[in-house]
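As written, the chain order gives the labels A, B, C, D, E, F, G and H, with residue 1 at the start of each chain.
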Amino acid sequence: MDINELLLKVKAGEISVDEAEKYLKYKPYDDIDFAKLDTHRKLRQGFAEVVFCEGKSDGRLTEIYKKIYEENGEVLGTRASRRQYEAVSSVIPDIIYDEESRILMIEKEDKKHIGKVTVCTAGTADIPVASEAALTASFLGANVEKIYDVGVSGIHRLLDRTEDMQDSNCVIAVAGMEGALASVVGGLVSCPVIAVPTSIGYGANMGGVAALLAMINSCANGIATVNIDNGYGAGYMAAIINRQSCK
Amino acid sequence: MDINELLLKVKAGEISVDEAEKYLKYKPYDDIDFAKLDTHRKLRQGFAEVVFCEGKSDGRLTEIYKKIYEENGEVLGTRASRRQYEAVSSVIPDIIYDEESRILMIEKEDKKHIGKVTVCTAGTADIPVASEAALTASFLGANVEKIYDVGVSGIHRLLDRTEDMQDSNCVIAVAGMEGALASVVGGLVSCPVIAVPTSIGYGANMGGVAALLAMINSCANGIATVNIDNGYGAGYMAAIINRQSCK
Amino acid sequence: MDINELLLKVKAGEISVDEAEKYLKYKPYDDIDFAKLDTHRKLRQGFAEVVFCEGKSDGRLTEIYKKIYEENGEVLGTRASRRQYEAVSSVIPDIIYDEESRILMIEKEDKKHIGKVTVCTAGTADIPVASEAALTASFLGANVEKIYDVGVSGIHRLLDRTEDMQDSNCVIAVAGMEGALASVVGGLVSCPVIAVPTSIGYGANMGGVAALLAMINSCANGIATVNIDNGYGAGYMAAIINRQSCK
Amino acid sequence: MDINELLLKVKAGEISVDEAEKYLKYKPYDDIDFAKLDTHRKLRQGFAEVVFCEGKSDGRLTEIYKKIYEENGEVLGTRASRRQYEAVSSVIPDIIYDEESRILMIEKEDKKHIGKVTVCTAGTADIPVASEAALTASFLGANVEKIYDVGVSGIHRLLDRTEDMQDSNCVIAVAGMEGALASVVGGLVSCPVIAVPTSIGYGANMGGVAALLAMINSCANGIATVNIDNGYGAGYMAAIINRQSCK
Amino acid sequence: MDINELLLKVKAGEISVDEAEKYLKYKPYDDIDFAKLDTHRKLRQGFAEVVFCEGKSDGRLTEIYKKIYEENGEVLGTRASRRQYEAVSSVIPDIIYDEESRILMIEKEDKKHIGKVTVCTAGTADIPVASEAALTASFLGANVEKIYDVGVSGIHRLLDRTEDMQDSNCVIAVAGMEGALASVVGGLVSCPVIAVPTSIGYGANMGGVAALLAMINSCANGIATVNIDNGYGAGYMAAIINRQSCK
Amino acid sequence: MDINELLLKVKAGEISVDEAEKYLKYKPYDDIDFAKLDTHRKLRQGFAEVVFCEGKSDGRLTEIYKKIYEENGEVLGTRASRRQYEAVSSVIPDIIYDEESRILMIEKEDKKHIGKVTVCTAGTADIPVASEAALTASFLGANVEKIYDVGVSGIHRLLDRTEDMQDSNCVIAVAGMEGALASVVGGLVSCPVIAVPTSIGYGANMGGVAALLAMINSCANGIATVNIDNGYGAGYMAAIINRQSCK
Amino acid sequence: MDINELLLKVKAGEISVDEAEKYLKYKPYDDIDFAKLDTHRKLRQGFAEVVFCEGKSDGRLTEIYKKIYEENGEVLGTRASRRQYEAVSSVIPDIIYDEESRILMIEKEDKKHIGKVTVCTAGTADIPVASEAALTASFLGANVEKIYDVGVSGIHRLLDRTEDMQDSNCVIAVAGMEGALASVVGGLVSCPVIAVPTSIGYGANMGGVAALLAMINSCANGIATVNIDNGYGAGYMAAIINRQSCK
Amino acid sequence: MDINELLLKVKAGEISVDEAEKYLKYKPYDDIDFAKLDTHRKLRQGFAEVVFCEGKSDGRLTEIYKKIYEENGEVLGTRASRRQYEAVSSVIPDIIYDEESRILMIEKEDKKHIGKVTVCTAGTADIPVASEAALTASFLGANVEKIYDVGVSGIHRLLDRTEDMQDSNCVIAVAGMEGALASVVGGLVSCPVIAVPTSIGYGANMGGVAALLAMINSCANGIATVNIDNGYGAGYMAAIINRQSCK
């Protein structure tokens, strides 16, 4: 931000008024007509922009992937369809599509993974959301361990894995129905827990609102919650907590 | 209901037409102007009518208590105020008022308690609702054990009492906030679990709706739910399950 | 749990430290990679795990059915599709599929049914949910009687069957729309009533929430409620109440 | 409305242009600064304006009562407080205040009551709302019969009064909690049923919304619903149905 | 109910005990296995049972139509699909299907229509619900007038038809979106108004709940509301009000 | 409205009673059987009626378009499908269909655009709703500027365009998810801001209700909100504010 | 913002680097420890900051009023209590408190009012909210006309005032219960309508949500809505629309 | 957990069977009759149990504070009343009560604070919740910086403090109304953001649900949300993230 330094240079004639003006007004985004790619984000937040694929036309999506790939050498996208995968793979042949999590990505080969994030689920039906979280955290540089199908109705399955959870920098608890997993995990570990309600269930689960309310009202400490089915958001949050914990 | 028998007697002249008509039309309730006491209920359901005190005037409440006490030698009332206690104690001096549960009752001295109902709570703030459940179940003839403050955020407190819960005929799980206790208990015992959501909590607990939704969506088997703060309803349900289990 | 006994044996050298450790740490579930089958459940709760089929891939479902069938000689699954039936029948040819209730099961031939559970519905549209309840309770060992289409708008149909309901160990009341059936049944019988709201109706029924709220707020005694359309949950609850009532 | 007639008179000079203009533009309401009393209503709807007292200052309320009383020789007001009663009685000494229903009214002495409207309640706590309905219907000219405390949890009390309900021109069913009374009554009578949900209950009754939803979703025919605790609205509706039935 | 008379005959031997018992226990419904047709309803309520077609299999529906047609010489069914029409027409060739309202019916030829029910709608999209109401009221014997597309955003269209509405025995006001039509109509007529919220609209209309709430909270007198899109319920209610008004 | 003038003419015999009557009763709408086109609207509100295409049959829609086109030389319709476009283009070959906004319109060639309305969106997924707003405002005579994809998670993109927004007569802020754009824009400009919540998002966005609530609760001044996804409503509102600002 | 000009001056030495830096970094707010008064707002939005009094301590409020009064010579505050009025009047003796609207303000004497804003209400109970709107719009420079108690249940009262509304630059429609007033007004005028739902009503009005939903779903054009009981917000919006219309 | 080691000692006779059994069954909580203090928590989670004061009787609360103070030399309690403060201060004279945040605590004198947590609020009314967060985080060892009253309606106030936020290990964003602050902050910093919705606002804020939904649906990355008004939960979460970031 060094405005002082800049102004001194202007005064000294080391930098022209035009250049200074451009600098001060610099638009840190890339305007590709229908979208304004936030190219400044990597600097500001440490990670490049992640693409939310759902609802984007094949043409626009392909253009966005190409742009980000060229700038960063890798791209992460969420909620992609198989058709979008096929469209994007025409310009980035090595792009990888994970059907279960609907992640569409290409990653730098030499990525170093640090720390540890643990992702656990209550049931097998929660796995797609958990996978989105796991792949996101991994893409953003975290080592990830998965502990699936350890819901509270058979709590010995969860207790059996307590130690695995306890040596993590962050645990992601993914659960639908009554979402009780988050509270039990919250009471067992000392690191932050990111709770992800899922829309799994029926009737009065209200598309995941029941689990969301349960997690928001958790009686345990060290829990915060993201949106229903938002595996990506939990993975991102866990990754930055993990990154800070490894400084 | 023996209509056949009655008709045979009518035909045989053993019973007059008037008497038969009266019997067939008999109103099995006691009309005391402003209320219709369901005196038939003891026959039909095994327990006399229980009084919901809230909102009843002192005069009306006293009259109802007197009537039921005369007929049954005992009365159970819920959600009574201290003022109502004082009013009723003017005609039934031995009536007992439990401040915490707001139960106002007088019980037969020689009551025999059978079986076992266990009442557990997530926190100490849930105790008033739990007490209503415990006193109701006890009044209706069950032995009652209480396990309070065993919420899931410190799950070892609950696991430590598993055996106590496992040899019950029914467990009542009372919890506010995220209501996760019911699911964990449901996974630990083989008897029916009656879940009671409480209004304990704040913000997005929505007066107990969050806990209610959690319990209704429980992933565990053998759980059914009653209204928010309805300790009485849970105690009644547990008492009849316990009674049947001791036949 | 006999820890004392185990420790005495360890001290006496009758059991090796390794075996004891294994026993104490024993994971009472079967980890088949994507799921952790709760094989301990039969011991703990008296019934083997029931499979929720919806959302499981054909391959995974078939593997789970095979595993449970091998261990228990029978399997019960709910919310199965015809396609899943066809997939599973390739490895368990005698598996039976009930289209209306979407139950997919194979039962031991010599099963003894005890006691009596009655399942009643308000309308004909509630029958699929009622069937799920009835088949579940029957699979879990209860004699089941069905009384369908006795909704309160023509209450003589219900009153006509009162005696049939009164000699049950548990009545399951299945109703959509305003769900009034549960309250009326609750006032007629002395055994526990499990209320099942259904999503039948339209407009302000809110997918069954109207019926759920009605049942939760029932003015009758001895009623507890399960999730919308959760015939299975009601059948399970009724079966354990019935089992205890026949001890 | 005779515009033709009016215009003919204008043409014939029988009525001046000014008078005609005044007639055509005539404001059929009485503008008393802070309110526009709908004096035209009696002509248009057959009954004079009814006063909703809640929230009106003593001064304004007194002025409104005085105005209407002068024009009609009677006034009906709802949701009045004792203090408002005292204020109004300073100008209309014979005004009557019914504490339970909070009705504040003075009625013509020679009023003739016709037909029959029956008001029934599920419990004793619903009586205030029922009284508002009963007094309104009576003020508007209907004979009113009351059948209180006949909720569905002891359905024999209701069935015992079926004939009393069947010879009415309209039945008002007042109930809180699960509101099942309306559906059962709806199935027993052939006249229209006006359902009034009340806020009686607690927890998931949501201030009467549970009963409202139940009534709106009723499986019975010939039922329509008014707002929660709106005894007045039900009494008005019943009165006009009764009036039309006696033509 | 003449129980006295019956008993006297039993005593006198004019009627056998068996016959009397059968009479007293007489099931006034027709049990066709999967359904209990309420054949008693015509006696009790003045109209035969109306069929809710949605969700009934072709086979069952056909059987029900046949049964009711044989007994009454006419049938009315709602929410039928074209496929159901084709199925039923195989046994009742003259059955008529109205695509817009989804009514499937056959009516007695010599039906006499009395009085007047007016059905008005806010927009053209509300017409299907209005048609269901109109055809129902007509089938149940009312003369019906339709005033469509008179929503309040161009209120002159509605005011222009005021007189047409004022000489009705009942007005049905059908509206989606903000449902304001009901209140305006309620202020213009002296007969009862049945308000029907529709699911027409989008966004915060919440499937018709916005209109339902508006109608329930109407500031006008003489309005009661039925379920969202429940044209049938409104038509039935209007028909019995109309019938009573023509006595 | 000149009633005085009219009456004077009647008196003077300059206008016949019949003509005067007709004028006074004149129906300012065009009754084409199934609809009442509000032809008076242009006079009353300054713009001709706009067609809501969704749910209208091809035949009816075509007739309506033809009628309005003949009277006004242009038509604007919203929420049209491609099929409807094809139907209407058979009678108005030059009709234009914008796939993204689903606008179906034909505009006068010589239309003069005045003032300035700015439409901004939080993301690219909000563009269809924004386009509906932009095309509507333009059709109704406003110059329109679009600033898309300037959501608050990268606020420099928005701040960079502040001046563009500040010299508008009205800004339309279109956003889904948490809808924060409206508040930030509201704090940056001095002209009125019309907030349009969109249904973009998932989980707890509740179909746009989350954004709607955010906008309704905005802490900024000079903001008012329209229905979820109601680009048309915002465009109309902005157009009349813009028109008034250019007087 | 003239960055270019500033930089030129820096280069030319006409302005020092320090002054330029200060200018560029200038904090356009006044940090009084517990609050950051937005002193820049008048420049940015044309009106000084308005104080939301509710919940502010007497001491803090007095300090804020003093600060703003010193800078602007006038202050407007909303939702003030009588006690707050007394506190503030100790430092600004001429401050005026309007009990009904809870406005606490002191205004410049020579204020010129322009244009016309009309505020109308459905009932008398809506007047406090309407007064807040009227006083706000007036404080911000608009001529204000009030038309109260013109609800749709007696629509002639509203139609009678149509012309008064039609020559406004903006109409504010204030209504509780079903909120229908906004739609009817919206259909009668050509200027923008700001709809204000109020919490007036009871039962299913849900504290004003029913009216809010009605207004958001209005079928009329040219309507936008503010928060429940937010008279201030509507007055502000109307004032800026009025100001622009008088340019 | 060293079960192996323990068993070896048992075998070797170094530890008696009784001692081993006691160890294995050890109850890591302190049962003081009405509560089960989780004394094990410090070991398991790194911080001693925090007391939720609301609803606890003076006697019980005093006993709990005494117990925890004796064991840890400090206690933190939330939502305490002044009366509770007075009660507890009778046994812990040095206890400190912060009226605004309702925190009741006594802290070790030599506590070392590490890292940095920033707490920001949208308005001054959010300060009590923010104070609860700040005091909690500080008690749990974090350096805390406060940036209050930087809501998005005057966004320059927030941008001015960006650098202060950027060098934190965690930012807590506290906001009511539309809760937009969290999203804007989320876009400005690279550390985790904990969003706290508050109940500040009125009308459609629904007691904070509007802000909660906004935060849960935030379009920014690295945000997770806690319960409405749950400053404590946010402070705890921030403290553990901060602690991990300083390892």
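Here is the rule we go by: contacts are C-beta pairs under 8 Å (C-beta built on N, C-alpha and C of every residue); 3 or more make two chains touch, one makes a residue touch a chain.
Fair warning: this is a prediction, and the values are worked out from it, not measured in the lab.
Participant: Can you name the chains that touch subunit C as well as subunit H?
Facilitator: A, B
Participant: For subunit B and subunit F, let me know how many angstrom lie between their CA-based centres, rounded off.
Facilitator: For subunit B versus subunit F, the centre distance works out to 59 Å.
Participant: For subunit D and subunit F, let me know how many angstrom lie between their CA-based centres, rounded off.
Facilitator: About 41 Å, centre to centre.
Participant: Using CA atom averages as chain centres, what separation in Å is found between subunit B and subunit G?
Facilitator: Roughly 54 Å separates the two chain centres.
Participant: For subunit H, which residues are shared contacts with two or more other chains?
Facilitator: 25, 153-154, 188, 203-205, 209, 212, 216-217, 221, 227
Participant: Which two-chain combinations qualify as touching?
Facilitator: Every pair of chains in contact is listed here: A-B, A-C, A-F, A-G, A-H, B-C, B-D, B-E, B-H, C-D, C-E, C-H, D-E, D-F, D-G, E-F, E-G, F-G, F-H, G-H.
Participant: Which bits of subunit A are touching subunit G when the two form their complex?
Facilitator: Residues of subunit A touching subunit G: 3-4, 7-8, 10-11, 13, 17, 20-21, 24-25.
Participant: What residues of subunit D sit close enough to touch subunit B in their complex?
Facilitator: Residues 124-125, 127, 148-150, 153-154, 156-157, 160, 200, 202-205 of subunit D touch subunit B in their complex.
Participant: For a test of understanding, state which residues of subunit D touch subunit G in their complex under the given definition.
Facilitator: 25, 27-29, 34-36, 38, 40-41, 52, 55-56, 60, 197, 199, 207-209, 212, 227-230
Participant: Using the touch definition up top, name the residues of subunit F that touch subunit G in the complex.
Facilitator: 1, 44-47, 50, 163, 169, 187-192, 194, 212, 216-217, 221-227, 233-234, 236-237, 240-241, 244-245, 247
Participant: With touch defined as at the start, can you tell me which subunit B residues reach subunit A in the complex?
Facilitator: The contact residues of subunit B facing subunit A are 122-123, 151-155, 159, 177-180, 182-184, 186-188, 201, 203-206, 209-211, 213-221.
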